[in-house]
Every structure is written in C-alpha cells, then in structure tokens.
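Supplied in structure tokens, the structure appears directly below.
A, B, C, D, E, F, G, H, I, J, K and L label the chains in the order they appear, each numbered from 1.
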Amino acid sequence: PGAKDVLIANQRLITAIVNKDWATYDQLTSDDLTCFEPEARGHLIQGMEFHKFYFDNLPENAGSVNTTILDPRARMLGNVAIVTYVRLTQFMNDKSPQTSRSEETRVWHLVGDKWVNVHFHRSGAPSAPTS
Amino acid sequence: PGAKDVLIANQRLITAIVNKDWATYDQLTSDDLTCFEPEARGHLIQGMEFHKFYFDNLPENAGSVNTTILDPRARMLGNVAIVTYVRLTQFMNDKSPQTSRSEETRVWHLVGDKWVNVHFHRSGAPSAPTS
Amino acid sequence: PGAKDVLIANQRLITAIVNKDWATYDQLTSDDLTCFEPEARGHLIQGMEFHKFYFDNLPENAGSVNTTILDPRARMLGNVAIVTYVRLTQFMNDKSPQTSRSEETRVWHLVGDKWVNVHFHRSGAPSAPTS
Amino acid sequence: PGAKDVLIANQRLITAIVNKDWATYDQLTSDDLTCFEPEARGHLIQGMEFHKFYFDNLPENAGSVNTTILDPRARMLGNVAIVTYVRLTQFMNDKSPQTSRSEETRVWHLVGDKWVNVHFHRSGAPSAPTS
Amino acid sequence: PGAKDVLIANQRLITAIVNKDWATYDQLTSDDLTCFEPEARGHLIQGMEFHKFYFDNLPENAGSVNTTILDPRARMLGNVAIVTYVRLTQFMNDKSPQTSRSEETRVWHLVGDKWVNVHFHRSGAPSAPTS
Amino acid sequence: PGAKDVLIANQRLITAIVNKDWATYDQLTSDDLTCFEPEARGHLIQGMEFHKFYFDNLPENAGSVNTTILDPRARMLGNVAIVTYVRLTQFMNDKSPQTSRSEETRVWHLVGDKWVNVHFHRSGAPSAPTS
Amino acid sequence: PGAKDVLIANQRLITAIVNKDWATYDQLTSDDLTCFEPEARGHLIQGMEFHKFYFDNLPENAGSVNTTILDPRARMLGNVAIVTYVRLTQFMNDKSPQTSRSEETRVWHLVGDKWVNVHFHRSGAPSAPTS
Amino acid sequence: PGAKDVLIANQRLITAIVNKDWATYDQLTSDDLTCFEPEARGHLIQGMEFHKFYFDNLPENAGSVNTTILDPRARMLGNVAIVTYVRLTQFMNDKSPQTSRSEETRVWHLVGDKWVNVHFHRSGAPSAPTS
Amino acid sequence: PGAKDVLIANQRLITAIVNKDWATYDQLTSDDLTCFEPEARGHLIQGMEFHKFYFDNLPENAGSVNTTILDPRARMLGNVAIVTYVRLTQFMNDKSPQTSRSEETRVWHLVGDKWVNVHFHRSGAPSAPTS
Amino acid sequence: PGAKDVLIANQRLITAIVNKDWATYDQLTSDDLTCFEPEARGHLIQGMEFHKFYFDNLPENAGSVNTTILDPRARMLGNVAIVTYVRLTQFMNDKSPQTSRSEETRVWHLVGDKWVNVHFHRSGAPSAPTS
Amino acid sequence: PGAKDVLIANQRLITAIVNKDWATYDQLTSDDLTCFEPEARGHLIQGMEFHKFYFDNLPENAGSVNTTILDPRARMLGNVAIVTYVRLTQFMNDKSPQTSRSEETRVWHLVGDKWVNVHFHRSGAPSAPTS
Amino acid sequence: PGAKDVLIANQRLITAIVNKDWATYDQLTSDDLTCFEPEARGHLIQGMEFHKFYFDNLPENAGSVNTTILDPRARMLGNVAIVTYVRLTQFMNDKSPQTSRSEETRVWHLVGDKWVNVHFHRSGAPSAPTS
C-alpha cells in the first residue's frame, strides 16, 4: 500500500465530505481523530462529534458545488503518509458563483492494510461554503 | 464529592442552558448568583431574572446547535471548586455553519452534599448564538 | 417622603416607559420637564410632546423586553432628590438577543407630598431598543 | 407685521412641508425661491420644480412623524426677516425610532402685507426622513 | 443655427434619455459617437451598442424621476458647439428620496442644418439612478 | 442667592477646568461629587481622585482653546439648582482646528451661602480635547 | 449702493478671512453676527468670539491657499442683500493638493452707506483647510 | 489562417461563454487548457472541469447582458497567436445597471487548420457577473 | 481573616501590578495561578512566566496612570473568597487622556493566615494601557 | 494643420503640465479656458487662476514621474479637434511605486495657424499625484 | 526515543526560531521540509530558502519576546510523531504589549536515533511578530 | 532549445528584475513587449518605457528581498513557449516581514537561437514590494 493508495483514500474522504456521506467518512477516519481547522477557533478538536455536526446540519447542495484538488502529494514515511493539497470549492451563492480556497495537511496511518486518517490541519476557508 | 462530581454538575448546567431547561438551571445555581458576561455590558449581574430572560425568549434550535467543552478542569479548594473550560458552540446561521467561542470560569460551592454555582465569568462570545 | 419613596417613584416611571403607560408617565413628570438624551441630537428638549411620540409610535414588545436597574441611588437635598442608575435593556432583535445600556440621572422635586421628575439626562443607548 | 407674524408664517411653511400641502407651500414662497440644501449636492437651486418633486413623490407618513422647532428667532431688518431655528424630525424607520436634525436659515420678504420666503439654506439632514 | 438651437437639441437629447426614447436619441447622435463615462470603467466607448443596452434594459421610472440641468452653456466655435452643464437627478429609492449629480460635456457638430452629438464626457454619477 | 449666582458659580467652575485651576475646582465642588461622563465608560464616579487625574496630567493649551457655553439655564428648586448648557470647545489639533460638543447637566446645592456642585452628567465629547 | 457694492464688500470679507485680517473682518461684520456653520456642531453661534479663535490660532498659509468664488449672486431686497456663492479652497496638504468646497449664504444690511454682514450660513467644508 | 481568423475564433469563444454554449466552447479549447483567473484564487487551473461548473450552474441572463470587446489584437508568432483585449460586461443587478471589466490574454495554437485556445489569463473581474 | 482582609490583599495586588512591583505580586499569587484574560487569546494560562513578561517589559508610566476600583465585593465561602470589581485605568496616550475598563474576578484562597490569589478572569480591556 | 498637428500640441501641453512649465501651458490654452476636473468638486472652472495654483505650489518631482498617453485620438471637425486619451501617471510615493489613471477629453480650436485648448474634461484621478 | 524525546526536539526547534539560531534550526529539519503557513499565501513551500529569509532579516528582539507553548501533544505512530500545540507570542509593539496566536502541527520522523521535522502546518498568526 | 532553456531564460529575467539589472532585462525582452499588469490600471502597455520607470526609480533592497518561483511550467508550441508560475516575494516592511503573491504568464518567442519575451500578464500583487 503505497502513495497511490493513500491518495485514493484521501480522495474518497473528500468525496465523502462533499456528499455528506457519514458512513464512508467514519470508516476512513480514526475515532480519536484530531484536527486544527478554522471552524475550531484556535483549539484542537478531538473525536468525531464536532465533525458530525456538519454532516447532520448542512443543507444539500446537489450539483452546485465543485471541488478541485490541486497538487496532491503523499510523502511516505513507512506506514505513515503526509498528504498535502490545496482545495478549491466552487459554489453558487444565490445566483453568483464563488470560490473558496483552503490548504490542507492530512496524516494517514496504515492500520493492517487500511489507511486511516488520524490528524488533519486546514487553514484558509472553512470546509463548508459560507455565504 | 470531589472534582469528578463538580464537573458532572457543571456539565449538567451547560446542558440545561443548551436545552433551555430552567428547572435544572434554577436548581444548580444559587439564588444570589453573580456574574460578569458580555451580555451585561460591563456590569456585575446579581440574581436570576437577567438570566431567565434568555430561557423565556430564545427560539428553539432543536438539533442544530452543538456545544463542545474543551479542556474542563476543576481546581478543588475544600468545599469550593473553580471550574474552567472553553466552550465552542456550533450553530447554523441561515444555511451557513458558524462557531462561537467563549472562555468561562464557574465557582461552585458545596452546600450539604450538593454543588451550587455561585459565580461565573464569561468572556468572548455571548452564550446564545447571535447571527 | 425620603430616599425610599423617590426610588419607588423612579421605578414606577421606568415601568411606565417600558409598558408605554402614558397616563402614569404624565402624572409622574412635570409639564415643563427638560432633558438631554441621545434622541435629541445635542439639544435640550422641553415639555412633553417629544416624549409622547415614543408612547404613540413604538410597537408593542409584549414580554420580550427586560429592564434591569443597576445600582440605583438617591441623593437627598431636602425636597430635591438626584437619582442615578444604569439601565440595561435586554431585547430580541429578530431571533438574536441584545443588551443596550444607558446611564441616567433624574432630578425629582417634592411638590406637596408627591415626587415629580423635573429633569433627566441620559447617555449611552436611546431609551427604545433599536435594531 | 413684525417678528411674531413672520414666525407664524415660518411655522405654517414647516407644517405645509410636513403635511405635503403644496398649495400652502406655493403661496408662502416666492416663485424665484433660491436655496442651498443637502439634496442639491452643492449647487444653488432656483425655482419651484426641484421642491415639487418631494411633494409629488414622498409617501404618506400619517402620524408617525413629529417635528420640533428649537430656538426659533426672527431678526428684523425692516421688511426683511432672517429666521433661524434647528429642526428635529422624529420618525419610525421600520420599528425603530430615529431623529434627524437640520439647521435652517430662511429669509422672508414682506410684499404688501404678506411675508414671502425668498431664500433658504439648510445643512445637516435632508428635509425628508431617509432610512 | 446658434447657441440657442444647440441648447434646445441638448435638452431634447436629455429628455430622450430620461424617457428612454431610443428613436430620438438615435437621431440626435452620430453613429460613431464616442464617450468617456463612469459606466465604461476607464475606456473610450465607440458606437451605439453600449448605450442601447440601457434603453433596452432599464426599468420604467414613470414620474418618480426629475432631472435638473444646472447652468447650461454653449460655447460656439463655428459649426461646433461645446455644451457644458451639471445634471441633478432626483429619484425615489424605495421610499427614500435621493439625488445624484454628474458633470457633463457634450460636443455637437452642425451637419447641414442639424446639430449632431459626436462626443460626450460624463463624470460623477452614472446616467441611470443606481440604488 | 438666585439663578444669577449659580450661573456665575457654574461659569467659574468651567473656567477652572479650562485653566486647570485645581484650587478653584476643589472649592466649588463637593467632596462626594458624583458624575456620569464619557471618560467613566458607563460607571458612576464618586469623589475627586478621578477628576484630579486630568488636572495633573493634561498638557498646557495656553491660548489655543476656546470654550463657548450655549444656552445656559438655571432651574431653581429652593436651595437646589439644575444648570444645563451645551459646551463647545474649539482647539487646534496639530495645525487643524477642531470643535467638540458636549451636553452637560450640573446640580448645585446651596450650602450656607455658597453654591456647591454635587453631581454632573456629561454626554457627547469628553471634557478634554482628544486628537 | 447696489448689488455691485455688496458683492465687493462680500469679496473683501472673504479676502479678510483668507488673509487672517481681523481688523477688516471686524469692520465688515455686525457685533451681533449670527451663523450656522459646520464648526458649530449644530448650534447657532452669536457674536464674534467664536470666529476670532480662528484668526488667533490658524497657522499662516502664505501663498499656498487659493480661494475661488463660484457664481456669486446678490439678491437685493431694499437695504438688505442676500449673497450666495460656492467657495472652493485649494490648499497643499503636505505635498499633495486638496480642494474643499462649501456653499455659503451671507445676509448683508445697509447701515448708513455701509454694508454690514449680519448673518451667514455655511454648509459643506469648514472655512479653514483641515488636513 | 492569419490574425483575422484567430480574432474570429476568439470572438466565437466569447460568444459561447456569454451564451453558455458548452459544445462550441469545448470545440474551441484544448482539453489540457490551462489558465489563471480570479476565480482560481491564485492557482493554475488545468483541464475543463473547473470551467464546466459555470456552464452548468450559472443562471440564464437572457438579453440583459451585453459584452463589449475593446481593442482586440492578435500578435502572430507563426502558428501561435497571442490575443489581448479588454472585456466590459454590462448587466442588470436587480434594477440597477452594472459594468465589470477584465483584461484577458488568450494564447491560441493552430492545430491543422483550426485555432485552439491552449491558455488564458484573466485579471480584474471574474467572467460571470457577480452581484 | 474576613472580607476586609481579602479586599486589602486584592488592593495590594492591583497596586503591585500598577507599580510593576514583581516581589509583591509574586508573594500574593500562587505559583500555579491560572487565568483567562484578553492577552491570552482564548486560552487558559498557567503559572507565572506569562505574567512576568509584562513586569519585565512594560515601560514606566510614572504618575500618568490612575487606577479606579469600582464596586469591589468579596463573597466569602469559608477559606475561599470571590472578589469582583470593575477596574478603570486612566492614562495619557500622547497628549490625549484615555480610559480603559475591565471586569475582573479573582479567587483567593486562605493558606495558613495568608490570602493567596489562585485564579483570575479578566474581560474587557487588557491590563496594560494600549495605545 | 491636421490631426497630427493637434496631437503634437496636445503632447506639448501634457509635457508642460508634467514639467510645471507655465509659459508653455499659458501659450497653448485660451484665456477663457473652461473645464470639469476632479479638483473642482463638481463645478465648472473658468479661466487660468485655478490651474496656476498647481504650477505655483506643486513640489518638484524631478525624474520620478512618468506619464504614458494611451490611445490618443483626434477627431477633426474643421477647425475644431476633439482629442481623447487615457493618461497613466507613475510616481514614487515614499519608496513605493504608484500608478494613477485619468480619462481626458480636450477640445482644441485652430486660431489662425495655432491650436488653442479651449475646454477640457478629466475624470478619474486628479492631475497631480496624490499620496 | 519516545514522545518525551520528540517534544524536547520540538521545544528546541521553537527556541531556535525565537533565538534566530539557524544552525540548530537547520540540524533539526529535513532539507526537503515542506510547509503550509500564512506567510506562503496559500502555496506549499519546499526546502529551506524561504525560511532562511526570516533568520537573515528579522531584527533582534532581545528579551522583549516571550513564547508560550500551550497543550503540546505528541501522537506516536512508530517512528513518526505528530506534534500539535498552540503558540502564544508576547511582544512589545512600540510601548504597547501584544499577543499573537497560532496553531501548529509538526510531523517528525525518526531517522536513526534523531528526530527530524519533515513537514509543518501553521495557521493563525505568522511566526514573526508583525506590528 | 527546449523547455529547459526557456525556463532558464525566464529565471534570468526574474533575477534581472529583482536585481534591477536593466541591461539583461532589455536583452531578454522584445522592444515591442506588451503586457497587462496591475500597475497598468486596466490597459495594455506597449514598449519598454513604462517598465524602465521601475528600474530607474525603485530603491535598492539589497539583500532584504527573496523571490520564490512556485511550480514553473513551460508549454512548448514549436518556437513559442508559454511559461506560467506563481511568484512569492518576501520583503521587510519597516521591521515586519511581508509576502506578496502574483500569478504570471510569460510568452516567449525563439528568435534565431535566443528566447525573447514578447508578452506577459501578471495578476495579484504588483511586481515591486509596496508598503
């Protein structure tokens, strides 16, 4: 399981976030996932409840959101991988198109033969489009 | 009744605030509760009426608010406990997710075998989500 | 008729303002009442017509406004009393709670056995909640 | 026809403006009225058409506007009078009360036995309430 | 055909703009009309298509717009005239009156016995009221 | 000792403030003077120390400050007087002239044959010119 | 003494202001001059002291200020004249040129054979350049 | 196939964008089109998916948008052409007309006998009108 | 050791802060002092090093700072005391006086016969004057 | 004397402005030159004094200003020419380069065999660099 | 080499940054270090040159900067460690104290017996104090 | 001469800009270079004079500027190359580090055996650091 596999896992994770697919998200992340992200207002978040809020409450965007992953890279350190990329999110705000950008680092751990996301750090725009 | 008990009482109090459960809030707080909070515009508030306004008037948020208590600590000084924590409140503003943050100190007093909140100090965001 | 009485009169006056009870307001104030207040844009107001505008035009707030009088004091100078206090007004702006604050001085005159408000000076927020 | 008369004429003019009573306004003003006012964006206005626009287009405010004339003075120079005053206009903007203030100079000319307004200069707020 | 004629033509042109009367506008202007105006964002516009957009798309203002031409002057240079004036436009924005101001230079050319506008330069506010 | 006397005392007090003449200020005010003023950030100030700070620390303005008292009035209530006025302060800020305005209420008490200021309320600009 | 004379007097007055020539200013104005101007923050000023402050305190601008009087008009009402004009003041702010504009009305009274300014009203920019 | 042809192709491309005609746009652009544009927030975009989002999601503007191409130039370098122009877009925002401006460089490649757009760079306003 | 003693200790602590007297500050506070304050940007501070920075680096204000403690209260819970007050700090910023305000809660613990500050919470302005 | 000549004259005029060469400027312009420009705050300027202020007061920029004339055009109407162009001015503001842009129309008149500028209209940035 | 060792290495790295000690910084980081940080304006930085700029150019802060590491944690994944913490930086800006805050993730790799920082991600404030 | 050569030429060009080396810059660019860049305020620049202004006037930055070229790519179209990259410029503003970012497209033409820059388009920050 090399760089290619972890990038595939990473892409599946992003797709799950975009589609609000909690089952896949939950399966690809560690229960004790930690993160820094703009939504956390300067504090480290531990566990899944904070993230589940967005899956439960965000409205459907059906078709009007497009996510572009720029320059994805996986740095392999044995059974750990550091994935970095820039995420552009295009969405419609009323009738006006918007693009938000964030920089993301995700650290993946190979547990058995499965890559699990154990930590991430996002800066820039929050994950969900905000009007 | 030690640190564990007072943290449980503190968590029940926060749950009561989130759920707008006045009966529980009233039971866990002293009638002569004092506080400094952003809502008080620089003055010490005494008694319960000021707080009851929020229980009576805030709209129902049913399900779309999530409260995270970060790093809760209880410092025990005999039958007094100083509880400190950071509170993150996730909520939906129209269709857009928001997070507000406040730092809170609550001083609890053990009266008989029951912990009672006698003073609190909040800084940062007000307790209720504000759009 | 001492400090206690004038504070009671003062409290009745504030209650009349909150309840838009013109009859009581009119009875507790001198016909040639003078005032400085934010609504007057830097000029001294004389008489009652300026104030009556608010009683006639402000919408009903039924239940969703709470007034707190902080630190009321009466300084007795014979048949004149200087009452000072800070007024906090909690109200709902759409679904979001707000607090406004003003500092108020009211000068009362004992005419016969009745206290009459002859001058007031308010700074800070206007008397009526403004969204 | 002295200061008292011209102040009465001035008050009638203001009442005509508030009530959108064009007939009275037209009768009290000279056909070649000149003015500087905020609505004119830095230029001298001559004649009546500019002013008539407001009479024709402003919505009815029926009852919810109160005009206070502060410190009216008439300086008599033979058959000419300089009237000065500050005008406060209280009005409701949605459900929130507002006060606008303007300083006004009006020059009146005694033609026969009738006072006619030949020039005015207003600074501060425009004549009509603006939300 | 002197200054008086060109000022009349100029007034007809402004009336055509206010009334969205394309036929008259088209007749009074040269096909290769050039202009600088705020709407053109710093570039010279050539021809009629740019201007026709406003005739085709602006909403009807029927009655609630008043245009005042201040200090119109025509400088005659043989069969060319430079017309300058300030234009005030009063209009209702929701229920609130507004005034916009622009400074305009129009160069007219006498072709046969008819004055034709060949170039204009407007600064200040755009031609159409903008809310 | 009537209205005239208290207005003279009031003027002496203002002159003392302008001149930073502590001895006169101290003599004309009660030791337990109370006040609301912008400098106090929403709290009632008691006693003299708060005020003395300005006498001790403000720089000399020698000649470049002019104070105008507009419309001073004294309302007599036996041995108490309510003095109201608007204060304009002209001063030089670098090389540019400024005017600040405040509305002031001062309550005076006749003790023996001497008027003593026992309370004041200022709104608008602070007492000292601020650049 | 007709329109021409009063315009000359008016021009002399403006020149006196620009040159900080108090003697001429004093001679051309009535001792009980009244005015509304931006420097007065919404109040009528009476007398000369307020104006003298500027003569005493403004710095010398020797040569680097240019005043343009646009469209001066005198409306004659017997021995009273209403003079209106727009004043542009060009000045250097550090090394950068600025222009300020004000609209002014001045009422002149013919006393004996001399025109005296008895009231003025200025809106727009203050009289002195402000950086 | 010279400058004239490539300018025709360029104009067809812009028309396709304005009309949201994906088939034509797709035919005139290279599959590995690259671009810098404001929508991309500082990153190079590769391929077609990013652009297709706008064709799929932008609302119809039917008739109320006008595009002006200013000063189009084609610089021929053999089978490569650099096309530069400024684009003005007039559109209605509610009832108010707006103009946005962008500067655009498009590099075209002659493949066989057909010009294909391989790279573009836009600065200034985004391509779609934004309210 | 009652309320009076703890208020004295609290006053000594504030004096030590104002005077930058580290020895006294150190003696009155617990080594494991905790706090929330604006300077900590939303995080709980533990220990003394964070505070010592201010003692080491703040400039001398010698004489030009005045601290007013408003409405100090001590709530006694056995050998624990909750002290609340509002602190006003007057200081000179260049030549202009400023006032900053903070609300403070300090929890004191009686260790042997000595009161020790174990936790504080400040909201509003930071402790040191900031220009 | 055709388009070429008038463009040369126009270029000489701009060079004179940049170089603060009053003699040349004076020679190329009509004594009764009129203009609209940002410096005139919405009013038509007549004559030369207003412009001379800049020649007399602007500091020397020796070498650190560069003027670019974009897209100059002359439209010939017999002995009258309408010259249009965009002017870019690069200059150093402290150590930071700036560019300002203006759109300009200049109307030239052939008097004898000499082109004279009789009117101009500038929008956008003022003529002189402003920091 | 466990969590304790990597936290020590991490602390040494921060100390090196604070002290501008390039030798130590260089020794603790991988030559192909990658990072996202606010200074990089949304792009991934690779290698050391970008970072060295700060070591070469930042001024000495000798003693007036204090760094606090809050809640440092090391998550061990074999020979990889994810270190997270919040960094507070106190510094003097002129004479006024400031605090900046950043959230940081650093990924360390155990190479031989030495921990090397291979990637970091900072959000919030830049690393160096900015006035 | 392939992609490698053109990237080397491109790097030399950037180095020349950073070093203010006009001779090299001049040699690597076409005399009829065209460009769109923020400095040009929405207009196409032709020729070298506009660019030379920066070489002549920008201050020396000796050592305190660092330029990073991110993700440089050369797309080869026969003897034409499209080079794209993101440029980060780190510089010191007073004592505070700054980073500016621009996106750049440069089109190179192979003339003989030498690559010459014929057009560029920059968006984002201007080329020179601006404080």
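As a working rule, contacts are C-beta pairs under 8 Å (C-beta built on N, C-alpha and C of every residue); 3 or more make two chains touch, one makes a residue touch a chain.
In this text the structure is predicted, and so the values were computed from the model without any measurement.
Undergrad: Where the contacts of subunit C and subunit D overlap, which chains show up?
TA: G
Undergrad: Expressed in steps between touching chains, what is the minimal separation of subunit C and subunit G?
TA: Contact-graph shortest path, subunit C to subunit G, evaluates to 1.
Undergrad: Since subunit A and subunit K are copies that touch, just let me know if over half of their interface numbering is common to both, same, or not, different.
TA: Same: most residue numbers at the subunit A-subunit K interface appear in both copies.
Undergrad: In terms of CA centroid distance, which chain is the most far removed from subunit I?
TA: With centres defined by C-alpha atoms, farthest from subunit I sits E.
Undergrad: Centre to centre, by mean C-alpha position, how many angstrom separate subunit G and subunit J?
TA: Comparing mean C-alpha positions, subunit J is 32 Å from subunit G.
Undergrad: Please tell me the distance, in whole Å, between the geometric centres of subunit A and subunit J computed from their C-alpha atoms.
TA: 58
Undergrad: Check each residue of subunit K and list the ones that touch at least two other chains.
TA: Within subunit K, residues 41-43, 71, 86, 101 contact more than one other chain.
Undergrad: Determine the shape of the graph in which chains are vertices and touching pairs are edges (line, ring, star, complete, other).
TA: Shape = other; not a path, cycle, star or full graph.
Undergrad: What pairs of chains are touching here?
TA: A-B, A-H, A-I, A-K, B-C, B-F, B-I, C-D, C-F, C-G, D-E, D-G, D-J, E-H, E-J, E-L, F-G, F-I, G-J, H-K, H-L, I-K, J-L, K-L
Undergrad: Under the definition above, what is the set of subunit L residues touching subunit K in their complex?
TA: 63-64, 66, 68, 70-71, 86, 88, 90, 92, 94-97, 99-101
Undergrad: Going by the contact rule set out above, which residues of subunit I touch subunit A in the complex?
TA: On the subunit I side, the touching residues are 41-43.
Undergrad: Okay, in this complex, where on subunit B does subunit I touch?
TA: Where subunit B meets subunit I, its residues are 34, 36, 38, 42-44, 71, 73, 75, 77-80, 82, 84, 86, 101, 103, 105, 107, 109, 118-119, 121-124.
Undergrad: Give every residue of subunit H touching subunit A within the complex, in rising order.
TA: 39-43, 45, 49-50, 53-54, 56-59, 126, 128-131
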